[in-house]
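Right, I'll just put the structure down here and ask away after.
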Amino acid sequence: MEEMISKMKKIAYEDLSTKKVDRVIGFGKGDFIYEANPIFISNLEEVDLLVWDLFCVNNLSKYLINELKNYQKIGIFLKGCDSLGFNQLVKDNKVDPDNVIVYGVPCEGMIDPNKLSKKNLLKDLRYLRRVDEKLIIVTKQGEKELIAKDYEYDKCLKCKHPNPVVYSELLESNTLRNSILTDDFEEVDRIEDMNSEERYEYWSEQFSKCIRCYACRNICPVCSCDKCIFDNLDIGVSGKAKVDSEDQFFHIVRAYHVAGRCVDCGECSRVCPESIAIDKLNRKIIKDITEIYGEYDAGLNPSKSSVLVNYKLEDFDPFETSKGGK
Amino acid sequence: MARIGVFVCWCGSNIAATVDVKEVAKEAAKMSGVVLSTDYQYMCSEIGQNLLRNAIKKEKLDRVVVAACSPRMHEVTFRKAAELAGLNPYLVEIANIREHCSWVHKNKDEATEKAIALVRAAVAKVTLNQELIPGEIGIEKRALVIGGGIAGIQTALDIADAGYMVDVIEKTPSIGGKMAQIDKTFPTLDCSACILTPKMVDASMHPNINLHTYSEVEKVSGYVGNFEVTINKKARSVIIEKCSGCGVCIEKCPSRKTKSEFEEGLVNRKAIYTPFPQAVPNVPVIDREACIKFKTGKCGICKKVCTAEAIDFEQEDTKIIQKYGAIVVSTGYDLIDLAKFGEYAYGEDPDVITSLEFERITNAAGPTAGKLLRPSNNEKPEKVVFIQCVGSRDKTCRGKTYCSKICCMYTAKHAMLIKEKYPDIEVHVFYIDVRTPGKNFDEFQRRAVEEYGVNYIKGMVGKVFPDGDKLRVYGVDALSGDTIEIDADLVVLAAATKAKEDAEELGRKLSISTDTNNFFTEAHPKLRPVETHSAGIYLAGACQGPKDIPETVAQASAAASKAIILLSKSKLINNPCVAKVDETICCGCLECTNICPYEAIASTIIEYRDHGKMIKKLVSEVNEALCQGCGGCTVTCRPGAIDLKGFSNKQILAEVDALCF
Amino acid sequence: MLLESKENLTIDKEEFKPLIVAFCCNWCSYAGADLAGTSRLNYPANIRIIKVPCSCRVNPNFVLRAFQNGADGVVIAGCHPGDCHYSTGNYFARRRLTLFTSLLNYIGIESERLKVDWISAAEANKFATVMNDVLEKVHKLGPNRKLRDVRWKR
Amino acid sequence: MKYSYFPGCTLKTKAQELEKYALRSAEVLGFELEEQIEWQCCGAVYPLATDEIATKLSSVRTLASAKENGNKLVTLCSACHHVIKRVNEDMKTDKSTRDKVNNYLNISEDYKGEVEVLHYLEVLRDEIGFDELAKLVKNPLTGRKIGAYYGCLLLRPDKVMGFDDPENPSTIEEFIKALGATPVKYPYRTECCGGYLSLDNKDKAANMASSILLSASKHEANEIVTACPLCKYNLEINELKSKVTVTYFTELLAEALGVK
Amino acid sequence: MTRVKVNPSNRDKEISRIIEISGENIYSCMQCSKCSASCPANSEMDILPHQVVRILQLGNYERIVNSQTIWNCASCFTCGARCPRDIDITKIMEAIRLTVIRNKGESRIDVDELPEKIDDKMPHQAIVSVFRKYRK
């Protein structure tokens, strides 16, 4: 970890001082030890603020949209999942890859402070380090060895791309973690197994928690419209009233808008202040796509068109009840 | 506030018997924006239309709803009437209370209630309608024909005779296509060359026809009336204008190892060659892959012997960019590769040949000068076996599911040609079904059996065993159940026809679709058989599906007349219900460009001022001339920036709301 | 009190007249509906048709709006795949709606309430059959309360 | 290179040469055939009925144990190869068979057709290479005219077996060429020898076998090689009528490699 | 010669059983008879393979099960390999055999018969095959 930090600082310092970039986006430490926040660096002296630890879960890619309005060339630290988002931003013409230097950071999985908190490990946390499958945690009470997997974010447990899929420079060429090859979609299956009443009840409860803060949308690297349909009352599609049907409308349409484009980074659920299971909607669509149209590959190739703007003559047809026409 | 007039039609008793039209008119009057609501027996009649026109003028109506029959019947009628009264025709909406209401429901109360709902939806929609003005496009008075076989030649001649310029693109060095290879044509057995070559000459001499042989379509852009096509003229290495066609270069060329495409590989040709003696243009071409000069730098004999100084080794591919109003695709077909049919020993034994090879062997201008000889030993065969349906009607990956259509007839023709020249040769034909619909076709095939003594056996051959200098053919007569074994000397396989390998690629360039077998898809299988879904692009011949010569020629003339109809117009009127981009909302993701079947959406960069700063922004842009108004783009657009005029998001939502009232 | 409300419910169910909003493409399904009319085929009056140029014009928003505002079922009908007037529109619609219907089902909307089918201009019988079928199934399910906007009157 | 190896019953009894020479040659060629522990008879014929499960179990056990060892599975006998390869395909592509079999077998990890099933000839062709094989030949069989006999089970159905062009194969001819002999292509090399018909309908099987031998001898082959014990049997009992001898391909291989 | 009664009701019973066991669509067949022409055992068959399929299409199950054809099929897969309609006729033959031998007491071969039919060179494989093909 320390090694990585010094690599990060070195490359940021070099590129800023040689004017290769005029801005660096990376992680800095927050108020608490379990917080890592995005930081934006133009001055060489700020380079020292860069950190890398087990809480750098934030997907920084979307900050590029705004930063590129004011800076010519930006260096950015991206993990595997972030790099998928980056590719989508490129695909949606939101980011010109020529103006970005991606420092690829292989990731070994991030730790969910909530999971630590549940085990009462958060309060006195002093230091956290990962050694392969083990988590070394130092609290006031002393050092303790835990199983890392028990404390990782759910999304990290299913990580398919621990290494960045696109980068200008890779800070560490070793893969730190094996990727999961086949997704089991077990949490989606569990909802599918319910009957429709139970499903509706489940989702109604989820959606009714929504306070329409739009954090899920704002963090999402594929929700990159200049003017979101939900911010455009003039268009007459949706209102802002706090009623169940509006909340349901918002969540269904949000999920549909990222269908085939969602990179499954899980940020939407992570940032949701009401802990709505937003990713279970996204992952349902990903599951369907995987089963019907083959391997899901959003974010892997910015030049390949996504599932919904593509078709095959022989696509599965769930609707055909009788042959007709030709 | 809108001033909407609602007119409820009785359609005699067609509507009025099931729908209480008075009640509908009464309810409509209460709807928001409606200033006039009335009913009449026959709105489409002269009197009804006058009623509408007068009301528009008198009541200063700015929008009209007619509750009547299906818009597919009389929308045009009422729009015209409104236009005559000075109202933009797109401010008229139809509520379909006949086909969708009075004719399908029995209960009067329910039908009336539904009619009111349908009128409410139409009123809600028309409130949001806007004046639409169709655009006009000019037409380039020139046609392009892709493919110079009999289909292309016929099309070009017809269009040229109508007085329009035509360019023909042919991939090979000569026009003529498959028909030039054929010996005789069924069902009349007249010589193919005798009827084709005069047409080839006509095409080359016609003042309105330009031939681009040894050329291919590289790129197509534009739209109906205004296509822009880039043609790649491959380097011929012979200057057409200088060549006198004397043929000395060919005679002296030392390279003789390349199989002749025209002779179906039965003999070799030189590196500099004309495909066949009657080729048009009668100018040789150098096959650079085979030419010694191009491979080693040494040789150049052709150049030395050419007194016309027509040989040019330095010639390069040239690009021609030309505008066309109409395009006819006539790229023809091929036979499938028989490598997968190992049981028939094609490729393994030289005496197993395809039907097209047989055409060459029996052709007086062919490699054997028309004598029927076995390729293995140049001897006359005693027994010839024809196998039909090799790869046709075949559901496996080896073949094609369709019937190739021409094989039954040409096999009967082949059998007869043998019997006529050599009555002593035994001829057997294995078939699954004999299919001979067509004028004088069945009579023709029966003649082969009844007069010429050709032995037709129902059943496919299981295997052809090469056995010494014989071919042992194992079959079964499906009718009698007898197993059959024939010691044949020559086996002719009627290989299935297939679409050209590059059909899909060409289809993509032209934005026309191909079916599962890669044949081009016609706009409607019955009523628009020579049109494609892309306006201004037509189909002729076997590129659309297997066809014989008479059908091909008929379709070629049909395609020509469609092209002529288009070219004869002075301008085209656009459908104004096209997509439109709100640049302030468009986020430039360009997903919409991916799904447009007409490539009507492109990207552009706009500049605008924001807080005193000029900002560049990538957005989508619709070419209204290309857009056909399907609206598919509107759904890909997440922020709702692209919308469809006449069927806008707001209009449809208003209809939904009104129906749920 | 309890008994009374129960009674009300049963009466409700008997009088339940489902509302079905059908989006039909102009070239095939709308024409198929016209032909059903010309052929005097019967289907219930609770089916209300909205004409769209192509099945690919149907935005999922429209479907959601219909459910919000009181539809008990929604039908989307287009040309058979391969027969689209615009060549490829229904292929895109097929993908979109495959995912969207599945998503709605996942949210808990009974799959019988959103029916997608391909109906050609010649298939008047199929049109009537599909409509009758949808209505029957929706009737069996009862009034739709899911996704409903409480502020809307119906 | 190490492979899991399934011998099959016949190779332990009537067709011992087929195995013996294969194992000896493998040693020379530098690969190891590790005989599976506790293998069971494959059943000799692939169960063609869609509703048969029990008759596929032994093949799946074999496959699952190869998967456990992390090896490709090699077979020698055409029949075993045919059965195991087709069952493997079922396990890969047919969900209902897969679920039923896995349910029944109750093995620790579901078997889903992961193992690659190779015939010994395929090992020679694809893993070692005939060019490489030719280099290792000590006693080239120069001058000998040998016909390949493929039979049915290696080739058909092509969709599953994927061994070679089912109508016009060339693998064994190339094999013969690699050993220095002259391959003889004769038309009947892919025809059926009569198979199990020889038990109940000896005359028919004799007929079918004789046509093959006649065809080979007409094309001047002196020997025929095969990979199937039943083919060998059927051809051999009719051998007398023609002058063609029938051997296993492995015997030929061992001879050329100098380990016979 | 008696007139054959086309019996479509058989489609509901034996014929659909055969379709089910074989997993093949017999109605795909268009009687090209390539299977029969390819069959190396056709000389021993009183009803040729393509006729078997045709007779199944007509629903005449009785005629099929009483024929020698199904017992002379060597399962060599040649028919299926060449069928242009992608029908695996071998599977149909097997299915017909199974409809017979799955019935109790309908085994085609008896264990007691074996010794006289086996010679000492005959491989195991042949015996196992026959057991699988001729009895259950």
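Just so it is clear, A, B, C, D and E label the chains in written order, and each chain counts residues from 1 on its own.
The rule is simple: a residue touches a chain if its C-beta (ideal position, glycine included) is under 8 Å from a C-beta of that chain, and two chains touch if they have at least 3 such contacts.
These numbers come from a predicted model, not from an experiment.
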Touching chain C and also chain E, the following chains: B
Chain whose Cα centroid lies at the greatest distance from that of chain C: D
Chain closest to the middle [Cα centroid of all protein chains]: B
Winner on C-beta contact pairs when A-C is weighed against A-B: A-C
Chain whose average C-alpha position is farthest from chain B's own: D
Whole-Å gap between the CA centroids of chain A and chain D: 52
Distance from chain B to chain A - Cα centre to Cα centre, in angstrom: 47
Interchain centroid distance [CA atoms averaged], chain B/chain C, Å: 36
For chain D paired with chain E, centre-to-centre distance based on mean C-alpha positions, whole Å: 25
For chain A, residues contacting two or more additional chains: 237, 308-310, 313, 326
Numbers and ranges of chain C residues touching at least 2 other chains: 60-61, 65, 82, 88, 92, 96
Multi-partner residues of chain D (each touching 2 or more other chains): 166-167
Full enumeration of touching chain pairs: A-B, A-C, B-C, B-D, B-E, D-E
Touching residues on chain B, where the partner in the complex is chain E: 343, 389, 391, 393-396, 398-399, 432-433, 458-463, 474-478, 481, 483-484
Chain C-facing residues of chain A, complex: 188, 191-192, 196-204, 237, 241, 243-246, 248-249, 252-253, 255-256, 259-260, 281, 284-285, 288-289, 292-293, 307-313, 315-326
Residue numbers on chain C that touch chain A, as the complex places them: 28, 60-61, 64-65, 68, 79-83, 88, 91-92, 94-111, 116-120, 122-123, 126, 130, 146-151
Touching residues on chain B, where the partner in the complex is chain D: 341-343, 345, 348, 463, 465-468, 472
Sites on chain B touched by chain A in the complex: 516, 525, 584-591, 594-595, 618, 636, 638-640, 649-650, 653
